[in-house]
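Have a look at these structures, which come just after this line.
The same subunit A turns up in both complexes below, where it pairs with subunit B and then with subunit C.
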Partner chain A sequence: MVPIARRMLFTDRRRALLGVAGVAIALVMALTLDGIFAGTTRQVSRFIDTSPADVFVSQEGVRTIHMAISLVPGAVADEIRQLPGVVWAEPVLFSSDALRVAGARRPSYVIGYMPGGRGGPQILVEGRDPGPGEMVIDDSAATALDIAVGDEVEVLGATWTVSGLTTGMTSIVNTSVYVTFDDLATALASERTASYILIGTEGDPEAVAKSIEAAIPGVESQTRPRFSAEERSVVREMSTDLLNIMSFAALLVGLAVIGLVLYTSVLSRLRDIGVMKALGLGRIGVTRLVLIQGLWTVVSAFALAVAATFGIGAIVASVAPDIDVVVETASLVRAGAGAILVAAIGVIVPLIKVWRVDPATVFRRPS
Partner chain B sequence: MTNTALTAKQLDKIYGEGTTEVHAVRDVDLEVQVGEVVLIMGPSGSGKTTLLSMLGAMLRPSSGQIVVDGNDMTAISESRLPKLRAATFGFVFQDFNLLGALTALENVEFALNLGGVTGHQAHQRAEELLTGLGLTDRLSFRPDKLSGGEKQRVAIARALANQPPVILADEPTANLDSKIGHEIARLLRRIATEEKRAVVIVSHDTRLRDVADRILWLEDGAFRELHTMATDPICGMSVDPQGAPHREIEEETVYFCSTACRDEFATAGSDGRHAAPPMQTEDGSGGR
Partner chain C sequence: MSGRVPAARRMTTADPKRLVVSLLGVGAAIGLVLLLQGLWNGQLVQITAYEDNVGADLFVAQSGTESILGDRSTVPLAAIEELAGVPEVQQADPVHIHYTVFDLHGEKEFVLLVGSDPGDLGGPWEVSGGRAPAATGDAVLDRTFAEEHDIGVGTEFEMGGRTFRTVGLSEGTRSWMTSLVFVTAETAQEMTGGGEVATFLLVRTDEPDAAAAAIRASTGLDPLLPATLAENDREIMAGIMEGPVLLMIGIAFAAATLVVALTVYSGVVERLREYGIVKAMGAGRFRILRLILGQTILLAVAGSVVGYLMYLGGAWLVGQLRPQFWFSLQWRHLMVLSGAAIGMGLVAAIIPARRLGRLDPASVYRG
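Showing the complex of A and B:
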């Protein structure tokens, strides 16, 4: 079969390119927003994801770090250590405050961990672990705040000296700093409690988590994947409305562009369509013609948009390391489905136009 | 077995109603035989295009019947008409109406696709048709790279693609120069004779009279007997002497399509540059 639909669409390359680019821009908007959102949720759960702990214990009913306060009696860590399957158990304290230096400020988690323990920074790119009155901060936040190892910063109403730099702990939302457990306990006046207990296990972490909940009343025990998923979902729930509005806006832009592209393509070729009808192209044939054109536009636009989104992700990573653009399969499926929906709606007006073309127009002189 | 390719009986077409009613075609009877070339002439607005649209199954008559290749086109449902059109008619247009996005070969292939022929078979048949019309080295050219004569030959190849019993040509030589116009006229004649097609041509072009078996004169939507026709020496149009502007020159009457042509003749022809053509006689109902 002669690929008439594709030929008609792409003969005027400039118009076709503009149309494909227009739809692609709308899809890039949606994909990039989704990517930034996915990246942010991953960053938010990075403490959990990079922790060597297999199981996390919190106050009963508290299933996240973000938007939650967990208080667990300090003695719980000792009780957990006695349980079968538990290799180690370490308490950590969590608080949040703004990191202040020379008038600049940055929202931050403050994580208190046992010196030499497993709750501290997993990577040190410079300096050493914190001692009393010291903290480790993220290198990205250090660059943004123009501070270095040895400088002083303020947090929780006290002054701390930067002893080292870690990496990967700054997101678009906030950063994380590490101090000793005792320093944070003193700052919070919470010497006999922990926020969470990190647990290393042997065997099935799920079984260990269950046994902890069974043995110790008043605690919540989750494996790392489940705790991480809970953490991401709370961020997602907080941003869903905003994301939906932005995606809807992108969908509307895409709809307007594809409708306009197909409509102008059809308008400029009404005589050709009249000729095709005169030659014997029926209603199904012209419908297929317009649908294929719509499909070609969105498929080309989708491919372009995916490539552009990965490109944007790479550029963003080099100029703004705090922003992580992660293109997930689910996001691609959503954008693809949205593009198909846009094409399906966008072809309606052009379809009505071509259905009404009178084949007898071929006998009229073109004006 | 009948030798009639197309029959139209008591065709009427009325547009609008009441005070805006226009009777575009009235009581037209037409029978075209296989291998015959029928030329329909007439002034602008006489109903030629409406008649051609009805004969080509693109416009429903208000009343009457059109039978082509045994099919009553007026009784067939709208949804079946396109397919039947592809199989029954080949169209040749004044403006060629080739699809600009396709090459010459693809234009013909596309028509074959509509007729149900696809793939290699369609490709081969399209190539044969275009080669047969001397377009071997123009197969991959888009219409905008072809001359007028080449475009019309592609259009004729497209019209022949599905081997339709009837070819309908609307002013097929109007946009062509004299030499190419003659070529196209002879080609249409050859198609009728050698390929046994019925060819109906609507045209103002008197050059086509040479290739027509019959010439019909359509005026005010009805066929009139074409007993005596003259040729306007200025524009070459066929003119019905009855009521036409005319001028007496050396005991001979010269007829014009308009007073403008007559005036031009008077200005330019007074020095003898224009020789008054003789009256031509055609029998509207008979053979050549």
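Showing the complex of A and C:
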């Protein structure tokens, strides 16, 4: 069998490349946008995902960290330690402010934790944990603001000495800095409250979470996966409408390009199609011809788009390390489905054209 | 009889179907660029709605505070008495401002909680239904936010473990990222666990500069003009979002350029004989290039006009379905677009021009 459809499409390589690239770019738009939001979503929940805690306790009605206000009486940690299944319980304080140094600034979470405890930075790439008046900052923020260990920075109206650097705690939205619990409590004038209680459990964390809520009124208790999912949903729900608008526009672009590619391909081969029809190729045959070209275009474009998106992600990572472009399977499935839908609609006009081709055109002289 | 033939225009419009599909493709890509730019501009307006409209001439903040978005400000309430002693200060009222996230009907809502004393500066500037908050538990919601959640005046809802009663609906207090929720100062203080402090002291004065100098000297606090606060908030937002927005705009422009290039290239390939004749009759390289550029620029400019119309339609449609999205374009953006369209035409001409550059005029005489 002669792969007529493929040859019709790729005989003019430049045109084929332009067409495939055009559809690919439309898919790249959708994939990149998806990837930026997926990356941001993962960054936002990093404190939770990297924490050794199995359960997180917050004020009742508060299910996230990002921009939330949670107040839990300090004594609650003592009550929780008495409950069965609880191995350890540590309070942490959260606030937000700008990390400032010599005219530069960066929005930041300020996390206060017990020295030597489990609420602090999970990795130290340089230096040590903070003591009184000291702070650990993220290495990405340190690079951006030209801060080194031993330098002084300003947060919450006070000056702090950088004692160490952690990593992985800077996102497109903000960075995170770590101080001692007592220092932050003093700065916030909240010596007797915590923002969250981090809990290590033995046995089923879900069961321990339920028992905490049953035993202690006025608190919310979530396992790490559930807390992380709630945190990610903040970004996801904020961005759903925007993503849908942009993805729809990107698919429109893809639709126009696919329609253009197939239409021009068919147009340039009308005589050839007339010959095939004169030789007996029926409607089903010509329909297959156009559909296969559409499929080839979409599959080639999809492969190119995925490769380009990974390429863009690598470039963005080196140029702007705070922006994570994450290509998720769900995003690929959505882009693929969108591409097929666009191809299905884009073949309509070319199909009508080939159905109407009169085989007698074979016998007419070219004008 | 002599006269110039508009060859570029005729070649562009020779195939109306292809022209329509091409204009649709270029238009969709340009429309997407304008939607992104318009949305970005709208967001920069919305994000500073509070300081732009609340009616304060100065925001007195903790020393070092530069913005609402990125800084934490704590001002002692006792400072109000000191401000009363400044002759230029006509009125000074505390306001409590905090971002928070809560679940409403299964969706995460990211809001800016604003607490002020009844009748004082700081509350909603335009209440279209009901009244401003007057007692603990009262809340004023943005009208579009309330409508989305089927909340009306008198409806109760849960936030941060507390029950609130909607007493009024405000106008112009929502963006696609966040919405303002107005409560009393007492409610805000309870929710944030704050003591005798506020976030800002809002000041009315006829002499902002003199009042600011006097306040700074007597209290050590930082009085900020609303315009300065707004500019700093926009800068923070730009730091977060500008990179991804520019990346998407760049990709969309690339898509539009490819569509133009594909359209003109397809036209060139179909009319190789005609171009061969033109070359055989003595048209030099420059003449041929002008012919190509004429087509690409015509297509790019026409496509941009279509794109602007698609933007207007898209912005209207989105505004109807999702009123929290504001779009705003200025004339300078349209001027930049016009220049970009011409640039797009220039780049898109490269491949078709190279194809014609290699065309042998003798091909005209071959069968």
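One rule holds for everything that comes next: the second predicted complex is superposed on the first by the 366 of 367 C-alpha atoms of A that agree within 3 Å, B and C clash if a C-alpha of one lies under 4 Å from a C-alpha of the other, contacts with A are read in each partner's own complex, and residues count from 1 in each chain.
The criterion applied here is as follows: contacts are C-beta pairs under 8 Å (C-beta built on N, C-alpha and C of every residue); 3 or more make two chains touch, one makes a residue touch a chain.
If you're wondering where the values come from, they're calculated on a predicted model, not measured in any experiment.
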Partners on subunit A (subunit B, subunit C) - clash or fit: fit
Which of subunit B and subunit C A:Gly280 touches, first, second, both or neither: first
First (subunit B), second (subunit C), both or neither touched by A:Arg334: neither
Where the C-alpha centre of subunit A sits as vertex, the angle toward subunit B and subunit C in the overlay (nearest 10 degrees): 90
Partner contacting more residues of subunit A (subunit B vs subunit C): C
Which of subunit B and subunit C A:Val234 touches, first, second, both or neither: second
First, second, both or neither for A:Thr264, with subunit B first and subunit C second: second
Touching partner for A:Arg288 - first (subunit B), second (subunit C), both, neither: neither
Subunit B versus subunit C as contact partner of A:Glu60, first or second or both or neither: second
First, second, both or neither for A:Lys210, with subunit B first and subunit C second: neither
Which of subunit B and subunit C A:Arg42 touches, first, second, both or neither: neither
Overlay on shared chain A, then closest C-alpha pair between subunit B and subunit C (Å): 9
Shared subunit A contacts, counted only where both subunit B and subunit C touch the same residue: none
Residue ranges of subunit C touching subunit A (in the complex, touch as defined): 15, 17-18, 21-22, 24-26, 28-29, 31-32, 35-36, 39, 62-64, 66-67, 69-72, 74, 98-103, 107-108, 110, 113, 158-162, 176-177, 191-193, 195, 197, 236, 240, 243-244, 247-248, 251-252, 254-256, 258-259, 261-263, 265-266, 269-270, 314, 318, 322, 324-325, 351, 355
Of subunit A, residues touching subunit C in the complex: 12, 14-15, 18-19, 21-22, 25-26, 28-29, 32-33, 36, 59-64, 66-69, 71, 95-98, 100, 105, 107, 154, 156-157, 172-173, 189-190, 193, 218, 230, 233-234, 237-238, 241-242, 245-246, 249-250, 252-253, 255-257, 259-261, 263-264, 267-268, 312, 316, 320, 323, 349
In the complex, subunit B residues that touch subunit A: 49, 52-53, 56, 58-59, 79, 82-87, 91, 93-95, 97, 99-102, 106, 109-111, 113-115, 118-119, 158, 170
Complex contacts: residues of subunit A adjacent to subunit B: 1-2, 4, 7-8, 11, 269, 271-272, 275-283, 285, 358-360, 362-366
